[in-house]
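The same subunit A turns up in both complexes below, where it pairs with subunit B and then with subunit C.
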Partner chain A sequence: MPGKAYREVTQWQEKEMRNLGRCLLGVLAVALRQPDNSQIHPFKRALTCVRLLYDFTMMAQYRSHTAETIQYMEDHPERFHEMKDIFLEFKVSKRMQAKADELRRELRPQRTLLNQSVAKSTRKRRRILEQDREEENDQRMALINAESHFNFVKMHLISHLGDHIYQFGNIPMFSTEYGDLAHKEQIKDGYRPSHTNNPARQILSSYGRQHAFRIRLLNLEFLQRSRADLAAEVVEHLGETLTAPSAPPVYCRMLKGHRKDVRGVADFGRALKVSPETICREFIRYSRLSLLLGRRILEDPAILRSLPIELLRQLKIPVLAFQELNVYDIQRARCIGDGLFRNQASRNDSV
Partner chain B sequence: MYGALRGRLPAKLLALFKIRDYRHQEKVYRLAGVQMMSVVNSGRPSEVHGLVTVQLREDPREWTIVDIGTILGLAQLIPETTDRRWIVNSRIDLRTFNEIY
Partner chain C sequence: MAVLLLVLLPVPPKLPKSSAAEKLQRQINANTLWGVFELIFEPWKDTTLLGVPIDGADGKIRKCFPILSGWIADNMETATLHGIKSYACSKCEVPPEELGTGANRHWARDYARYDRYERENLSLDSESEDACDSYETLGIKTGQNVFQGRERVSTPDLHMPDLLHTIYLGLFKHMMDWIQGFL
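On to the complex of A and B.
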């Protein structure tokens, strides 16, 4: 979640913008939840517009597509283009703003003169002023509608992504992020050990040399694995540099952050501000609903109260990444109770 | 079940704990105390923004014990009006977006 208001940030980084996009629709849905009669239609259009555009960007991140998803990717921009004029008033260029200001400056003195001669009472003058303001706004909106547009390349480009997928494959393959990341390894890491005077040649040779070494080592590793006849010193060197292939990580749910102050049902109830009777009742209910007949916990409250309990703070949940078979994202659900989390408010996550 | 949520229901995590049953060869149960929510409008996504709304149950039972294996992952809930009603943000990641619609 961004820590600043949208207009306070002068320059958005790619990651920040992506994170903002994730919660934008939800936040907008809450902000525009109670429209009055005049706002119902524009709010609905604005929300639909944002939803269509964001759904499109989500689908553009898919690594594999079906005809249906591509059809969605073609329909969403079409519907978005039909509704995007709701945001036209926010697409005001500096030239347009200057034009609107000039128009206002021209009209204001004329109106003031006219109002002075017509309106005598304060109430009448106020009403006329309000009418003038409305008229001014209408004129400004007419000017914006006539001259503002979304006719620029990036806005048009999204209509072609469906065809692009049919021809060249998924969109993330062509992400420019990888090039950005390579800048560090290929340029910056080479620049640092150079003598910084005309460093291009040094950067190129340094990266080229390291790359060649890595390729050479990989080739030797492959040869060693396929039992090729290698010189003794090469085998010895490979033995020093290579590490044994580690076993694939096992992904399972893990509880962490043991609280030492809780040992039994009584401590547990005290920590959670729940009565021991409620805890025992819920244990029995869980046991009846979820455990096999022979494995059930005894329904005797005295035995239940004697069972040792460990209270923990964190649950690590491996979640299979989207469209991947063996890549897991680790999500950390935290449950702090009433205590502070990193000197901030307490944290009891939703799962 | 639960409309667009397809059998999943958000809950507020209240406690994570292990209980050791010494009568069953030291069997350890890894459990969580949660406060379950209920779906609004039968879990149908809103026609305008396409998101599902949930609220805290009026049920007098404050919390329920579940196995930690039944917890599928974190949910992002955006508070709507009071602290009893939330919008489920299904655009938080690609997996959630693909499963809740």
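On to the complex of A and C.
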């Protein structure tokens, strides 16, 4: 969930853009949910276009492919090309915009001259002005339709992805992301502590040293794990630097967000703004419907009210990541009651 | 993937801006790039021709020949390295006005052919207008491909897809602009 409006961010990173893509389609579907009669068709086309492109990007991230998925990757752009006209009028380059503005600027003085001589009454003049404006708009649209196009190289490059998968395998393997990140880690972080005077050698040696240390530590860790004979100080040092050999994380549902001030039914009701009677009623209903016979709770409100109660507001649900066997995404289900999401006011920006 | 930092390459000196200096600057940049690639490919020449003996898993030693199969770079970098215009596709000869039509059945680029053209034009001793036009539509700058003439390198296959720049920061960004306009 992005914390800012789209236009507030000037520089996007890959991960941010990916997260944006996740909610984009849903948000757009909501924004276009109530079309007028005249809007049904364009809205539908716009949604389809976005969906096709987004599905395509999702499939480009797959780690393994079948002939079917590659076929999808080839069909989706094709169908997009059939539908893309809907966006043509917004695919206006800066040069086009300038051209249209210039045309208008040229025509305007001529028109004013012409109008002054023809129109005497204000009403007539206004009508002529309106006509002119419509004419201007028409001209602009004609110009845009004639000149705008989707001919940029990135639009074409996606048509090669299918072939590439046949030839080399999945696509995320070849991302420039690693190289771009390495630029920060290996060069910028090496440049900063250098004395900036002929820094190339310093950057290289600083990175080389760090790299050598890391490899050395990994080797020692491996030796220690395979119970080799290591000097006492080495073992001691390893004990300090070693990131404690973490047990493989357990993937089960976890409850979090414990509220300390809630101890009984009365507190519980106050925190959630529900009357204690309703809570007791719901408890009993739940126990009758979902619990086994021997484990049902006593259906006496007085006893129920005296029972200790905990209020937990968050459930962490591990979901197996797509095409992975041991990588989990943790989805968080939160109950915020009548509070605000992340304590932020609701936003009303369209994009 | 592991990325190892081996060398930092030189940055050509920057000249003050003027049209004459710009041409010179471009020449200097191209020469620097050429020199750097000569340096990088220096050990490549012998290994590709003679092969290197490598131990196999079955205990036998085999003569192996390295093949350069990919070069990970973004669009502008690829364009510079391949000596093509930034609007040209590095894999096929798609003309600029068909980039956005979904046509993907064009011939793959053939740099040997371009070189042949170039030589023919030189022997005629004048660059005819036809040749200039065809260079323009093909989007090539002749003689600037740093991979040309190297052994076991197929230049059009070097281009690797780049999800970060083509899709997330490219298409997605365009799409957001369209959607903003649409809304």
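Everything that follows uses one rule, which is that the second predicted complex is superposed on the first by the 239 of 351 C-alpha atoms of A that agree within 3 Å, B and C clash if a C-alpha of one lies under 4 Å from a C-alpha of the other, contacts with A are read in each partner's own complex, and residues count from 1 in each chain.
In this section, contacts are C-beta pairs under 8 Å (C-beta built on N, C-alpha and C of every residue); 3 or more make two chains touch, one makes a residue touch a chain.
These figures come from a predicted structure and were not determined experimentally.
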*May I ask you to decide whether A:Q331 touches subunit B, subunit C, both, or neither, giving the answer as first, second, both or neither?*
first
*Mind working out whether A:F341 is in touch with subunit B, subunit C, both or neither, as first, second, both or neither?*
neither
*Which holds for A:T176: it touches subunit B only (first), subunit C only (second), both, or neither?*
second
_Touch test for A:Y251: subunit B only (first), subunit C only (second), both, or neither?_
neither
*May I ask you to decide whether A:Q61 touches subunit B, subunit C, both, or neither, giving the answer as first, second, both or neither?*
both
_Partner chain(s) touched by A:V319 [first = subunit B, second = subunit C, both, neither]_ = first
_Per the contact definition in the header, classify A:Y72: touching subunit B only (first), subunit C only (second), both, or neither._
neither
*What is the contact status of A:L28 with respect to subunit B (first) and subunit C (second): first, second, both, or neither?*
both
*Shared subunit A contacts, counted only where both subunit B and subunit C touch the same residue*: 21, 24, 28, 61, 350-351
*Which positions of subunit A touch subunit B when the two form their complex?*
21-30, 33, 44, 47-48, 51, 54-55, 58, 61-62, 253, 255, 262, 268, 271-272, 274, 278, 282-283, 285-286, 290, 295, 297-298, 303, 307-315, 317, 319-323, 331-335, 337, 348-351
*What part of subunit A is in contact with subunit C in the complex they form?*
6-7, 12, 14, 17-18, 20-21, 24, 28, 31, 46, 50, 53, 57, 60-61, 77-78, 80-81, 84, 86-87, 89-91, 149-161, 164, 167-168, 171-180, 182, 186-187, 200, 203-204, 207-208, 211, 350-351
*Sort out for me which residues of subunit B touch subunit A in the complex.*
10-24, 27, 29-34, 46, 48-51, 61-69, 71-81, 86-87, 89, 91-95, 97-98
*Contacting residues of subunit C [partner subunit A, same complex]*: 1, 3-5, 7-8, 69-70, 72-75, 86-89, 91-92, 94, 96-104, 157, 159-183
